[in-house]
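Next come two complexes built around chain A: one with chain B, the other with chain C.
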Partner chain A sequence: MDIASLQTLAANNDWLAIMPELLLGCIALALLALEIILPAKLHSRLPAVALLGVLALLVFQLLGFTAGFVESESFNGLLVHSREGQVMRVFFLLAALLVGVIGTISLAKQKLPHTEFYHILLVVTAAMMLLVQSNHFVMLFVALETVTIGLYILVSYFRSSPLTLEAGLKHLIMGALSSSILLFGIVLLYGVAGNPELTGHTASAMNLDSLHAFLAANRHNFLASVGIVLVLSGVAFKIAAFPFQIWVPDVYQGAPTPVTAFLAVASKGAGFLVLLVLARTFSPYAWLLAPVLTLMAAATLLFGSLGALTQHNVKRLMGLSGVSHAGFLLMGVVAAGTQSMAIGAIYFYLFAYLLASFAVFGVMALVAGPDDADQEISHYAGLAKDRPFLALVLAIGLGSLAGIPPLAGFMGKLFIFIAAFKAGLYGLLTVAIIGVVISIYYYFSWIRAAVFSSSTLPDGDATARPALTPVSFTVGLVLGLLAFGTVLLGLYQGVLGQWLNTR
Partner chain B sequence: MIHAGLNTYVLLSALLFAIGFFGVLLRKNTLVIFMGLELMLVASTLALVAFSRFNGTLDGNVFVFFILTIAAAEVAVGLAIIVALFRSRRTVQVDELNALKH
Partner chain C sequence: MSNLPFDPLLLAIAIPLAVAVAIACGLPKRWSIRLAYVGFAAPALMALHTWFYFAGQTQVHGYAYLTNYSTGLDGIDGLGISLKLGLNGISLPLFVLAGLVGLAAGLYAIQSTAERLKIYLMLLLVMQAGLMGVFASVDVVFFYLFHELALIPTFIMIGIWGGRDRSYAAMKVTIYLTAGAMLSLIGLIALYVKSGAPSFDLITLRQIIAARPLGETVQNNIFALLMFGFGILVSLWPLHTWAPLGYGQAPSSAAMLHAGVLKKFGLYGLIQIALPLLPHGAAHWSHTLAALAAVGNVLIVGFITMAQRDLKQVIGYSSVMHMGYAFLGIACYSVLGAGGVVLLMVAHGLSVALLFLLATSIFHRTHTFELTEMGGLAQKTPVLAAFFVAATFASIGLPGFANFWGELTIFVALWQFSHCLTVIAVSGVVISAVYGLRAAAKVFFGPPTEAFARVAAQHPPSDLSWREKIPALILLAALLFIGFWPKSLSTPLDATLRAVYAAPAAVSGK
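Now for the complex of A and B:
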């Protein structure tokens, strides 16, 4: 390779195209530097610096800061900047902002350093933004591992609590196992696609476009199908799909509430985007993909709904109900194989899920006491009497998650169901409707505790709830906006729909 | 001199991967589980190098460096969590780490 070709390669590195990610990384590093430079009494201001930085990036992104790079490749095909990527950048920035706000509530109850939490949060967010735009297995794996390793640290962040550390260890073992399985799948695909003895072999077997062309030329290669199944299994761990969801309840319960929210929303959203990209790449193997994903969706829906029925810890409940939400989204991914409208439905569902989940997690962080893992449904008894605002936000969030019209969650489910109906997935639709019915039951037992039951409990002070955290102006505003957005999106989808189409 | 073909390497790497995988599932000591995880990564590395040599492309060899870095980061975080857990619970046996149940 001569100098001239290296120069062409370097000229292809369009740094401006990944400006949002670079700036996020710079803010993250600046936080650490500021913590060293500034006197200790100013350290409590650093979370606000991080949040304002994310907010500024979000505004720039919404104003079309990087719109000029859409439909182009950069870094020699490592990254592809698509409209989906632009939408998901906004999604992750929004999620990081909300996790940061919830983090200010939860971290205030612990004697732990704050700055590192925001540092890792921003790094993980930047990696997620790169992950959904990657078009090359090396980029995909490195970004995915940056996300995963950052999440190992965040999950075990409340290190004074043995429960949190146990959750961290379980997440670590399961996460590393899934990454290894994913990696082995990538290696097999690389080996097969580059094999000079096969027709249509490619020199850049890690590139998703070249891999797609190779798979289209060899539709029944055994080793390639093993690789595809391994890669899908690795991704299924990340989105918590059956049978790789065993880690969910324990990790969700032990992780700090803001991190649980981050896992439930941003990590799942990233996983689904990767799954969509991979499903597109593996589309010549639809004979294998469609049945595997259909079975996975049905089992995920049933397991999540039935598992959530018996839970009385709200974090475990959110975890297992999140598994059933993954089932609905998986149904969308299956439908996306034949119906392109399913992709829009998945994005709409993700945004509706983001608004509703963060409303619920925000209230959970306010109701939780110093022991973050101990959050029972019975703690919510009489919430409507003491804090009508929180009870209202909680009811709207849970109603949207359950899919009650006219809230956003209902429309999200409706779009997915329409897409699945058009794709002719009648069996899966039946399972999904059973899942919806069960989910209404368990979400309403929570709403009932918060809204309809009085604060005097039959079994006395054994389940007395910890003192409620006072709601600051910012937190109240954010929760109000989330609830308002959930109602607005349910009544009127035009704005988001138009934005999803034009971005 | 015995000449080992591509199949030998892939078979060996699949074997290493299986040993690591079942080590993670069946062993009770967290540190041994961790070794299993590392073995799975190393198995992928071996297959990558073999494929890279056989296919005549360099991507695989370069990818190995990324995997090594990632494995190092994973070990650093993982051992930190294990040490912190041992300090508070005085055990690293997975069957004794079952406080998170309902």
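Now for the complex of A and C:
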């Protein structure tokens, strides 16, 4: 390769286009450097530095800092900057910010270093932002592995708890397995697409666009379909879809609450974005994709709802109910095969899910005791009497997750249902209805514990509940905003709705 | 003053909601109660105002007071969801009903001795806002959304202020009603998608479907979804079991609002949306619906009601039974039948709310709902007895009360549909007379039972206070007013029904 071609390649490296990701990485490194430089008594300020940095990036992103790069490629087709990517950047920055805020609550209850937690959080967030903009299997895999490896560490961050260690181990083994499945699928696709005997074979089969062109020319290649199924399986692990959801309850319970929230929202959101991109790439194989995803969606919905029914630990409950949310979103992905409005519906659902989930996880972090894995529904008894504000936030969050109007979650489900109906997925809709009714039961039992029952047992003793953490001003403000946002988005879909409309 | 400088429909929704928010923000108790009066009175005043000036209003597409508020989803190629408010002849009577029952329930709640009164009033106000919104919405999504807004407080109120089995009742009611609501939601989405309409608002839906009616199979399927979905919400037999349980446990004002108004959502949905838009579906399912309603709701539930020993259960079951008449009127699929159903909905809403109110007042004097442990209360509380007997007469359908016109119209319409069912339905009146009068007799007349004599010795019962009398009077006055002058409601109702039902009638060849 001569100098001139290297120069043309380098000219395509638009570093400015990935400024938010670069800055996140810089902040992450700066955190580590500051910890070395600053005296120990100032170390408690470092989380605030990280959060302010993320907040600043969020504001820049909302102001259209990188809007000029939309609809362009950079790094020789490794990345494609789309409007979806812009919105998802906001999604991940928001998620990182909220995880950070919840992290300040949970980390305060443990004797562990704080700075590293934020460092890894920021790196993983940057990787997620790159992941959803990648247009090349190499880029996609590297970004995905950065996310996964970061999460391995975060999941087992409370290393003194045996349940956390168990969660970390399970996550590591299952994650490594799924990565290898994904990689195997990618390699198969690469090999098939590079086969010179096939029409439309391509030398750059890692590029999603050229792969799409190849698949369109060979619509019934057996090896390619095996590759597609393997790649989908790898992604299904990330979004916790059936039958790759088996790790969820244990990992969600053992992981620190902020990390559980991160897994439940950001990791799942990233997974769905990748799935959408891949579904578009694999669209010539709709004959394979549609039945596989439909079955997956139905099984995921049912497994999540039924599994959550019997849970008493709220983290496991959130995990399994999250599985059923993945089922709803998968229904949207199936519908997106024929209905473009389904894509907008998925985004709306994700944002509604983000607001509601973080409201619930925030309250969970406040209610949790020193043992982060031990969070039972019975601990919530009498919350409405002791802390009416927390009970209100919890009720709004859970109500939105259950899809009760006029909260945002309802509108999300409504859009997905409309899309699914337009796509003619009547069977899936039936399953979804059953899922909604079951989900009302378990979310409502939680609300019932918090609102209706009292914290004292009939014989006058107080239930064994860890002492409630006092709510600081920042945390109260964040929780209030999340609850307010959930109500507002349910009544006025405004900005997000306009964006949906223009799709 | 026929044209207000503001939108009365929006205010009727917004004022109770604003008061609820104010109370939630931590208003002191004295001010909360004062504001609550405003919150309950405003919707009632708005409702009466719109009723009084309805005839003089200019109507756009058959709707008076039509206004549109954007929520950001009504763009050119958007989903076509926006907050569209308006009243036609079908929704006007129910809007008035919601205002009046809401006022009565609110006044009764303010004088009650409920624990945590502030939260109780706040939830009732949210419910009231939702109720006004249901009947003022022209947009189908908001119609559904307001229904749920009113439904959620019901669950919470049963769960917190309910009777002995409140936890079980709250759970059962929640699951049943959610299942019903989800089925009807899918039905409504199906209607929107299959019609290909660019908007969820009823006016557009009607126009599009009138120009291009849906296929027969599609209509049958969608109507089934709506019929059973709404049917669960209105306690269609055999999906009615949540109703007596829920009403038995619910605190009085919640039961008044739910049984009186919110339950009518399903019937209203069938008359306003399902029948005119799906004439073939309605014809296809009419016999199933009629049979379920006549045999299940009227006869079977009628006999079950006769066997009840608990006053609140009697009222709860009787309201399930009266819904049978409403379903029969819908099954007739005629202007006459639908009109009768609307009249019956208003009348039943007023009378059942009055009965729940009085039942609670009786409980405060007898400390039990067991009919076998009461008796002779009339000697101590003649006014309460008079109210209860009047409410029972209304509920049976005696002339002079609004219920009479509703039932009579339905029976006339039903005669054209099926003679046999008419006989069953009319015999239901005898059943309801038996249990209604028996309940009144057991509570008020005859010698006092031993159990009641003991209670009366400890707490000498006093007659109705003015604070209980005023809400009761509001409901009774409305019953009598409509009973003596049904035309005040039936004129706009008839005009709308004729217009709305004209197009589909031509299609289905009826």
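Operating definition for what follows: the second predicted complex is superposed on the first by the 492 of 503 C-alpha atoms of A that agree within 3 Å, B and C clash if a C-alpha of one lies under 4 Å from a C-alpha of the other, contacts with A are read in each partner's own complex, and residues count from 1 in each chain.
The working rule: a contact is a pair of C-beta atoms (placed from the backbone, for glycine too) under 8 Å apart; a residue touches a chain by one contact, two chains touch by 3 or more.
For clarity, every value in this text was computed on a predicted model and none was experimentally measured.
**Q** Quick one: is A:N195 in contact with chain B, with chain C, with both, or with neither? Answer first, second, both or neither.
**A** Once the two structures are laid over each other on A, A:N195 reaches chain B alone.
**Q** Considering only the touch criterion stated at the top, classify A:A203 as touching first (chain B), second (chain C), both, or neither.
**A** first
**Q** Applying the touch criterion given at the start, work out whether A:I404 contacts chain B, chain C, both or neither, answering first, second, both or neither.
**A** second
**Q** Give the label of whichever partner, chain B or chain C, reaches more residues of chain A.
**A** After superposition, B is the partner touching more of chain A.
**Q** Now for A:R448: first (chain B), second (chain C), both, or neither, which partner does it touch?
**A** Once the two structures are laid over each other on A, A:R448 reaches chain C alone.
**Q** Contacts for A:I173 in the overlay, against chain B (first) and chain C (second): which applies, first, second, both or neither?
**A** In the superposition, A:I173 touches chain B alone.
**Q** In the superposed arrangement, does A:F417 touch chain B (first), chain C (second), both or neither?
**A** It touches chain C, and chain B stays clear.
**Q** Is A:L165 contacted by the first partner chain B, the second partner chain C, both or neither?
**A** first
**Q** With the two complexes superposed on chain A, say which partner A:W287 touches: chain B (first), chain C (second), both, or neither.
**A** neither
**Q** Residues of chain A that sit at the chain B interface in one complex and at the chain C interface in the other, please.
**A** In chain A, no position sits in both the chain B and chain C interfaces.
**Q** Considering only the defined contacts, which chain A positions touch chain B in the complex?
**A** Touch residues, chain A against chain B: 137-138, 141-142, 145, 149, 152-153, 156, 159, 162-163, 165-170, 172-173, 176-177, 180-181, 183-184, 186-188, 190-191, 194-196, 201, 203-206, 249-250, 253-254, 311-313, 316, 373.
**Q** Which positions of chain C touch chain A when the two form their complex?
**A** 24, 71-73, 75, 77-79, 141, 144-145, 148-149, 152, 155-156, 159-160, 166-167, 170-171, 174-175, 178-179, 182-183, 185-186, 189-190, 192-193
**Q** Provide the residue numbers of chain A that touch chain C in the complex, in ascending order.
**A** Where chain A meets chain C, its residues are 341, 392, 399, 404-406, 410, 414-415, 417-418, 421-422, 429, 433, 436-437, 440-441, 444-445, 448, 451-452, 491-498, 500-502.
**Q** What part of chain B is in contact with chain A in the complex they form?
**A** Residues 10, 17, 20-21, 24, 30, 33-34, 37, 40-41, 43-44, 47-48, 50-51, 54-57, 59-60, 62-63, 66-67, 70, 73-74, 77-78, 81-82, 84-85, 88-89, 97, 99-102.
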